[in-house]
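Presented sequentially are two complexes of chain A, the first with chain B as partner and the second with chain C.
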Partner chain A sequence: MNLFVEILRSSLASAIPVLLVALGGAYSFHANVFNIAMEGMMLTSAFTAVAISYATGSWVWGLVGGIAGSLVITLIFSFFILKLKTGEFITGIALNLFTTGATTYLLRQIFNVKGALISPKIVPLPRIDIPLIKDIPVLGTILSGQNILVYISLIIVVPLVFYQIYRSRMGLRLRATGFDSRAVDSVGIKSDPIKFQSLLICGLLCGLGGTALSLGYMSLFTENMAAGRGWIALAIIILTQGQPIGILLLSILFGVFEGVGLSLQNVGIPSQFTAMLPYISTIVALFIFSRQQKKKKSLAADL
Partner chain B sequence: MKKTVVVILGVLLAFIVGAILLSAQGYHPIESYISMFKNSLLTKIALGNTLARMAIFIMLGLAAYFGFNSGVSNLGLFGQLLMGALVATLIGQHLNASPVIAIPLMLIAAAIAGGVYSGIAALFRLGFGMNEFITTLMMNFIAKYLIAYLVTNPMRDPNSQWPMSRPILQSNVFSRIGDIDMTVFLAILIFIIVFLYWNFTRRGYEFRLTGANNLFARLGGCEVNKNFFSSMVISGVLAGIAGAFLIMGSTQQNKLIPNLGETNASDGLMIAIISGQSMPSVLFFSLFFGIIQTGSVGMQMDTNVPSEFTVMLQAIMVLFVVAFRDYSELFINLIKARSKSRKLRTEDHEPVC
Partner chain C sequence: MQAENSFIRMESIVKIFPPSNVALDNVSVEIEEGKVHSFIGENGAGKSTLMKVLFGLEPATSGQIYIHGEKVNFHSPNDAVAKGIGMVHQEFMLIPSYTILENVILGYEDTNKIGLLDLNRSRKKLQALCDQMGFDVNLDEKVENYSVAIQQKVEIIKQLYREVNVLILDEPTAVLAPQEADELFKMVESLKAEGKTILFISHKLDEILQISDTVTVMRQGEHVWTKPNVGLTKTDLAEAMVGRSVLFTVEKTKIEHGEPVLELKNISLKSDKVAGRMLLDDVNLTVHEKEIVGVAGVEGNGQYELVQVVIGNQFPDEGTVSVLGSDISKDTIRSRRESISYISQDRKLAGSSQDDSIQDNAFMSHHYLNDSLVTKNKILDKGKIASFADELIKKYNVVCESRKAPIKSLSGGNQQKVIVGREFGLEHPLLVLDQPVRGLDVGSIEYIHSRIIEQRDAGAAVLLVSADLDELFSLSDRIIVMYKGKIVAERIPEDTTRNEIGGYMLGSIGDSQ
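This part shows the complex of A and B:
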């Protein structure tokens, strides 16, 4: 029982980075921008958040630094695909490779370490105890005492994203742009600024996600730390068609898989196999999704 | 011709930006660059290392090129490479036969392993419509952890302090001609074969057509799905051979190590992106990447610039080349359109009064 609670507790913390990045990706998904640079945005913000938290000794500045780092990559990406009209796929891959190289180099250059930066000087995000819930036996252990970004994303970000995409004017324009950008242009709304806006919000959320990873879920930076989370987020977006609630559920599912993986190590299963679990489950999820799509299609054909 | 100029311009600019970065950090940029090229070309051993690196880059660059230009997003080079390396190691440790038999066998087995691993992703796509770039990427991580498990547990060399496998038999390692590893000749041979296949066979034409315009290829009667599968498999085969090179090359460690090929696969992607749609460029940039990576180690000793600098230099290069290549077309079209409209304005619409 105790183990079970512990799994759920760590699942929630590990789900948040993916959740935030996937919510960001939902914006570009609805704007029909194929943003695969999310992995790079996340990695950059994980690095800048740790670096600035280390330098200033303040998690607030770390958070700001994480967002700024991600926004820099977002600006480069937007400049490339919107102004220079480069291919989204190639640009995204190139940026991912660039961020891997740049963070590795800067880690070596600034901190003079290879591989991982672990230091007591890195100030992590604060953990918050919620007064009333804290005392409820099981639920309290799971929900209370998580880092601050867990609460911010669950209580503020998810509803806000839902509202903005589906209920606001900006969201309508966003989805219209994704549906047919020429149609939007023809009624006098410029589609490029809308795409840019969606990318900026995506960059902001990826920045939060990267920070939640390196200052929340963990309190360190390792080379290539995002470890495919940006891609898993992309898979989640494809699976849910960019719906915030679906993203929330699948991200938590991802977190549970990671948590289960970590706890299976105690049972004697080698850690390398348990580390595979999130990736295998992503493939399985895509598989199940595609089977359902196929069934729907064949049903439609029968009618 | 225009494209070559664009690419060279991009590379030069990346070097200039690199120089600015270096001098901003208090290094001497020109000295560092000279040291980089000196340490990769001027001694026989260094040249041998550079060429051996080039051989691996050619295979991975070709693998990525083949995918990108036939409309297949194979981002799983890393996983396919590891599978090739794993199979080559397993055979190489145990098969005590004449090298004439053993070495080709290892290469073919590694190629099949790479091909099977990418083939799985291709089947996922064709059978179930799962995006291949996500599945191949996820399979990278699965392969990486599989290798990490194998070298720490069942395949671990009991005599070594760090997790790694036992080396393959010495007779199964490639020999050298002078200071040049056999893999170099083999890679160039494979390059020539792939080049001819790509440019002068019907299937190669269909691949190019599908890459340029999938719909057109399908309406023109190409079996798009079959081609998708073959080009994915060929891409994996090439990556698998690269994995075998990493195990069997005489300049390599000849055993499985945890971080084997981690950066090489992304180097291959970069080379393919820079090369765009010109296959000979793959050869050139493989050499170029070989030069800067081999040189970076010597540069670190000479000038204290961390060897990781090259990773960033390469990535900047990729960004500049991508930017220049795509924008130059847009820019030229824009100028053409402007001059045309100006001409039309002055010719046809002279002021009436």
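This part shows the complex of A and C:
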């Protein structure tokens, strides 16, 4: 029982970084920008958040640093694909490789450590106990005492993203840009600024995601810490067609599988295998999704 | 200059596309308020460019525009819209999966205090506008569920919603059946009655004469004349457009057709996008030697798929395709090329390699179908290929610098001549022509039409798909009409009318046969 509750508790915390990044990616998805640089944005912010938190001793500055780190990569990505019109895929791959190398290099140069930076000087995001709920058994353990970004994401970010994409003027224009940017240009709205705006929001959310990873879910930085979470987020976006509620559910599912994976280590399964679990489940989800799409089509065709 | 109070005055407009393509050569036009003013000319005459300059889409190289005597400088369509000028493009600028309401308000949204869309407020305004125009549609239905004609009206309403008083319509009837065009003209009339100014671009002479108050003719970037539409005739317009007298009908003698060449039996093809929709529904068709069969239909009713099934780009779910009695249903495109010549509706997508030279485009397919172009060891014979290309250029009057120039450097008409030369040169028994003269100038059209007749007379079976009823009536020995993937009518051109064919195209006449 205790183990089960513990898995759920850590699932929630581990779901949040993926959730934030995927919500960010939803913006570029709807603007029809194939943003695979999210992995690099997340990794960079995970690093800068830890570094700034370490240097200033403040989680607030750490959070700001995390967002800034991600935005730098976002600006480079935007400049290349919107101004120089380079391929999104190539640019994204290049940035992902660059950030892996750069964060590893800086980690070794600045902190003189290999592999991981673990230090009491890193001030993590504060954990918040929720009155009343914290006293409920089980539920209190799962929901209360999580880091602040967990609550911000669930209570503020998810609804905000939903309303902005589907109910606001910006969202109407954003989705129109994704469908046909010429149609948007023809009514006198410039589509490139809309794409840029969507990338900036994506960068901001990836910055929150990276920070939630290195200062929230954990309190350390390891080389290549994002570990494919940016790609998982991309898979989630494709599976849900960029719908915030679907993104929320699948992100939590990812978190659960990661939690299950971690606890399976305790029963003697090698960690390399357990670490595969969330990724395998993503591939399985993609497979099932595409099968169902096909089935739906052929079912409807037979009618 | 006279008339300070003229409504819109475009003065000495010059537009040069780099490096030295003069699209507009010192064009001056005055437009009166509350009139239907048509601009007519062949493709490349500059009429669309002139309108794009007026709409702020293309900056003029030099020249001025005055509205009510006040000089204006449009840098973007927004500036034009702010001055009350709207444009409906030939290609619709609609988001298919958005509702009519969402499409109309895009870029012009009402929002509430906290910045969310106020769709109810927008819907009320739009509903009032639609009621006023007598336009009865469900505003919350997706645009993709409506016909092209309705979509076009949505585009017009979209401009009216922006309170424009000048409406530019760029070849609006190109995508419509005759009855739909009449509907459009009614709408144009009622807009005019409300005091709107309509600028109407077309190259169809009849409709110009039908709806215009004033006509401006353009030719090769120059303004030929602007006259009130009083006592003008088709011949006046055509001669001004082309700069010489033109024949309106192709000379065609009636000949007896021969044996069947193409036979389609019970062809059906399901849509893989929309479940349950049939792109082709039990199509049976025979095209004989020495016969041109014209295929009419509103775009998207199966004509395109019919062609794809014949050339082997798509395999039908049911039915057989035979050429000269042998079943080719399972054959690849490559092997069908041994007996089928094909001209695609979009030469940029299929039928030419735009970056390659005229020569390379000319001998494609000939390199394996014509043994005289390769050596014994199957190596391309450069010398022979060069003279082959030169011959084609000469025979088909292709205007070009040399055979080595890239095909994309040629005008559309000349590109098409190269393709026609290559395909007809294969001397195949079956020609599949999908809109072979779309977007070409009158001169090239005349020329290609006469070559098609020539091929028929020499014994070819011709399947001709066209969106232009005039073309079908002047070339075809038999016209079939496709509607929702079915052949709904089959007529001899002499025994039918454009209106009857149009009725079948729209599905408003059912066929009892």
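Just so it is clear, the second predicted complex is superposed on the first by the 302 of 303 C-alpha atoms of A that agree within 3 Å, B and C clash if a C-alpha of one lies under 4 Å from a C-alpha of the other, contacts with A are read in each partner's own complex, and residues count from 1 in each chain.
Methods note: a contact is a pair of C-beta atoms (placed from the backbone, for glycine too) under 8 Å apart; a residue touches a chain by one contact, two chains touch by 3 or more.
Since the structure is predicted, the reported quantities are computational estimates derived from the model, not experimental observations.
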Contacts of A:200 with chain B and chain C, given as first, second, both or neither: neither
Which of chain B and chain C A:238 touches, first, second, both or neither: first
Partner chain in contact with A:72 - chain B first, chain C second, else both or neither: neither
First (chain B), second (chain C), both or neither touched by A:220: neither
Which superposed partner A:90 touches (first chain B, second chain C, both, neither): first
Chain B or chain C, by number of chain A residues touched: B
Touched partner set for A:160, first chain B, second chain C, both or neither: neither
Chain B versus chain C as contact partner of A:183, first or second or both or neither: second
Which of chain B and chain C A:133 touches, first, second, both or neither: neither
Touch list for chain A against partner chain B, complex: 36, 76, 80, 84-87, 89-91, 93-95, 97-98, 100-102, 104-105, 108-109, 227-228, 231-232, 234-235, 238, 270, 272-273, 275-276, 279-280, 282-283, 286-287, 290-291, 293-294
Contacting residues of chain B [partner chain A, same complex]: 25, 68, 73, 75, 124, 128-131, 133-135, 137-142, 145-146, 148-149, 152-153, 266, 269-270, 273, 306, 308-309, 311-312, 314-316, 318-319, 322-323, 325-327, 330
Interface residues, chain A side, partner chain C - complex: 163, 167-169, 172-173, 175-176, 179-180, 182-184, 186-189, 297, 299-301, 303
Footprint of chain A on chain C - complex, ascending: 76-78, 81, 89, 93-98, 102, 105-109, 111, 115-117, 158, 270, 272, 275-276
